[in-house]
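Shared between the two complexes below is chain A, which pairs with chain B and chain C, respectively.
After this line comes the complex of A and B, so read on.
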């Protein structure tokens, strides 16, 4: 995408964000902002996966795993009490670096936890590291093997979170504290990621801001040399290799990047929701992310963003009711059968042109 | 570990292993004729069990199972005709996503029809506590049913593929689809047939295992992953090796219970899958030269 057009689109997205806020404020439906915030975080996962699937041509049915690694680690580190281990060398080291926060739990007992910022950095970098370690062997595989390997990875992550008492087993982790992103500055109050009603508007802007930043970064990536390399890789890996592109490295970088996106979304959404449960790591979630990318159009990042946020929002509002998963399964099949390039690739433009008399055809 | 306990684990392993082998053969049949891995294979197993349980109200056990197998075969054929048959040389990514979508639809339909409750067929002979002793080892008669049913299915498939005209046509289709087409074989019908066949054996496996492992709407997914592990372990498309690989995985799983907590049991099969994929993706019995010629 050319630079001016890209900037115009991003500016439009900013306007849409403000517009959504004003629309809900004007119609008295500000409770929609909660789901819009959550949808933006899921959108972040989907656009990351979109670059991996659409541009690098690698399927991953395990991205809920990375989301869960981010969310669960952030949740566990900021809620699990380190007080009994205060004298352990590791805990003392963390404390001297200023990464620990002391507090009190609801019964007044001393509570020592990792600060949200440190937990976030730890969680995201661990997810990136896992993606790096897993990615080296996994990305050598293709097609069915790659699909099954990533599905297997996602399932292992799910099983581990479900079976570990440290991660709360089937209950997950609750009462995750708020995440103070920025301290109070001048006339502005502190920027906090939390689910409290008083922070609703603030959190909406934080989530959409993160989404816009993430989108800008990916658009730059696609437009760069790396992006061209990725596209050549999608059409023919052999040809790309022959043209001197380090295909293995390219694929790995995008895989790690998309894992980092998923993990960051996991961290922020966990702080926003105040908790996380094992269903966030389930295979069905991973399949849903793949479905959203497919619906948006594999090589159409804007389509992926619109469909990802839009459909997730509808799903969170409960529009599909008990048939939530059926809807996503049906969408998946329908898109792949009829418009494998994504729903927005339908020739809407040509239809529109035919409708407008005198338009250049 | 005493000898008795060892044998007990061994039999448990062989029982589960034969089921995995059947699921793996279901994968292989479809893979051979189409080059597709059918991610909905586990759902066929679940459907077989569920339909048989529902029919049991109206029919005696044997007929209920036979009807369940036939209905599942019809569903398999229907799926192929609706979603696969008319696609012109679809990409692998597209096929993966479509079969995943099918598996979701089947699973969710099962959830809406049968609910979340865990069901099972009654024991074919005796009940939960009926056992007979082999030396000092206690074996449930259902275990014998599972092993015999699996062995009969494998023998039947082997005769079918070797000696019947249709079986030979399917093998021709597997070896080279274009050449088979030029010889006047209707390859599209062969693909439909392969879906029916793999749905049928999946359903039968689902019926015989139901009294031991129970049937739930979502029991297909983990079976599919394990069946795929076995299919890869034996080398994709190689059904005889799948039997050996299935029993191997079953035994590894059974013995792993004595080392790691049960909650991690599924993770072990998947860890083996990942390991095999990384180290020897053509399977422990496959040859790397042959694997290079296949397209994944």
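After this line comes the complex of A and C, so read on.
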């Protein structure tokens, strides 16, 4: 009885995606597609965090860190020249596995870099591994202590990227190449993650496709046995443990999963933007993700998706101007004060009460 | 004082649960002091004692919520002191809580489905990708959970949020959740607390039915008539130590128990 509703919602999201494209095409505002593409990738981070925070009840103010690990690693591996290290055993090993691509830089010098696919897998795996190593000790903490620890983690990641010459210090990494996801097949051209204007529509569909797929998987998860376990430990770890649920393991699994979501979004957005800078790793970004989950309604994955993509889109369009961070900070405070269950949940309940008298006592 | 052989009434049968010289200290407080006893399979055993006697602490030691300070706890032939709560649950122990612990934002049915956790296996990846292998399991979990709600006569409340139910109904959901694990041993922490006389009679019937289904029951309870009616054996705790362990009939005659626990005027 629940599955059809989930599928209908996902189908509606697909229609919205096509509708957005047609709307921009009809009104001659196709430049919106660029920000819609970026918003979809940020949306992926936010729904991943939504499962961790809303369903499992574990806060993380360090998810920009995982996003940045994904983005920076993909950027560095696909741009940093390995030619001088060609004879190093590690480089030779990577080469023999076919993970390296030779090319030329803008001055015509030989360039040897990791292929985008290999870089993507390495970056996402490393983010997952970091989440695993960090998660074991940190997830023993609860509430404010967990928030502080993840905040500390996020700060460390930010400082590392800001201080390393390898990661471009304050400049970040630019000229990240396009990411050919799929080669040309039959009558279709190749699927490439790239910010070029000629790839704009394609990239919009790639980003929203990834978001919809990511959403479908998370919706599956929260309706599953593990999803029930997560929701149960949210409200009573003692009772969850007594029901045979290995709560520590469960929390760790979803922490790693949400880190992988963030890192994947980081990789794809970095290829789309053609670069990444340290602001992506900043604590303010982490706070923003938390604010978006909160305003979306915590245990409301659809609300989280709508708010995550919608507000991020407005922010990217510059609607909030120079007060961007202020707006998201204010949103977080307002949500916590007035509607701890999120804006959408508030309205839905009110409507339900009006439409069906006595529906909620 | 009463260490050594805890197998007082086991009748030669291997006990399902056995405690040997169990101690629990919280700083200077000796909450459980050298307690030994065993629970025979298929029996109902009650733990009674005045407030602060260490009954709930004893439960928390058995269920693995607290580490023992000394002593051993054997469940189904395996030493379980030091094991994690979920590992002990997996061995076949389920429990209810004195202050009900149901899950917020979940329906009664979902709460009971959580209780099926140990009887199902699909993991994170199977859940994410909704693999066909999970469909059958999910249906089985749902069906069994519905049967249990039906058994506890609250099937009509299956889709109501569990924490919004009436008190007695919440107790029933907790019981269904515990039974969903198909445990060998069921720990009930004050199953009749807050219930009226009719509901208590219902609980008594339920506990004996559960016992007849082959589930051994260990309960902490304040309601003396309930304890005397249904228990095969009673363990009396006082200030963390074992005061007596006997049949209900003998406990009622035990002057020490009457004086210390029931009070001289309250002899049944």
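The rule is short, and it goes like this: the second predicted complex is superposed on the first by the 345 of 361 C-alpha atoms of A that agree within 3 Å, B and C clash if a C-alpha of one lies under 4 Å from a C-alpha of the other, contacts with A are read in each partner's own complex, and residues count from 1 in each chain.
Note that in this section contacts are C-beta pairs under 8 Å (C-beta built on N, C-alpha and C of every residue); 3 or more make two chains touch, one makes a residue touch a chain.
Only a predicted model underlies this, so the values are computations on that prediction, with no experimental measurement involved.
Undergrad: After the chain A overlay, clash or fit between chain B and chain C?
TA: With chain A as the common anchor, chain B and chain C both fit in the superposed model.
Undergrad: Identify the partner contact of A:294: answer first if only chain B is touched, second if only chain C is, both if each is, neither if none is.
TA: In the superposition, A:294 contacts chain B only.
Undergrad: Once the two complexes are aligned on chain A, which partner has more residues of chain A within touching range, chain B or chain C?
TA: After superposition, B is the partner touching more of chain A.
Undergrad: Touch test for A:207: chain B only (first), chain C only (second), both, or neither?
TA: neither
Undergrad: In the superposed arrangement, does A:242 touch chain B (first), chain C (second), both or neither?
TA: After superposition on chain A, A:242 lies in contact with chain C alone.
Undergrad: If you stack the two complexes on chain A, which partner ends up touching A:36: first (chain B), second (chain C), both, or neither?
TA: So A:36 meets neither chain B nor chain C here.
Undergrad: Between chain B and chain C, whom does A:91 touch in the aligned arrangement: first, second, both, or neither?
TA: In the superposed model, A:91 contacts neither chain B nor chain C.
Undergrad: Classify the contacts of A:151 with the two partner chains as first (chain B alone), second (chain C alone), both, or neither.
TA: So A:151 only meets chain B here.
Undergrad: Quote the smallest CA-to-CA distance from chain B to chain C in the superposed model, rounded to whole Å.
TA: 8
Undergrad: Touching chain B in one complex and chain C in the other: list those residues of chain A.
TA: After superposing on chain A, no chain A residue contacts both chain B and chain C.
Undergrad: Could you please specify the touching residues of chain A with respect to chain B in the complex?
TA: On the chain A side, the touching residues are 57, 59, 61, 137-138, 140-145, 147-149, 151-153, 155-156, 159-160, 162-163, 283-284, 287, 290-291, 294, 322-323, 325-326, 328-330, 332-333, 336-337, 340.
Undergrad: Could you pull out which chain B residues touch chain A in their complex?
TA: Counting only chain B, the residues touching chain A are 37, 39, 83, 87, 90-94, 96-98, 100-105, 107-109, 112, 221-222, 225, 228, 232, 261, 263-264, 266-267, 270-271, 273-274, 277-278, 281, 295-296.
Undergrad: Under the touch definition given earlier, write down the residues of chain C that touch chain A in their complex.
TA: Per the stated touch rule, the residues are 63-65, 84-87, 89-90, 94-95, 97, 101-106, 110-111, 113-115, 117-118, 120, 122-124, 126-130, 134, 137-138, 141, 177, 181.
Undergrad: Taking the complex as given, what residues does chain A use to touch chain C?
TA: 217-218, 220-221, 224-229, 231-232, 234-236, 238-247, 253-254, 257, 299
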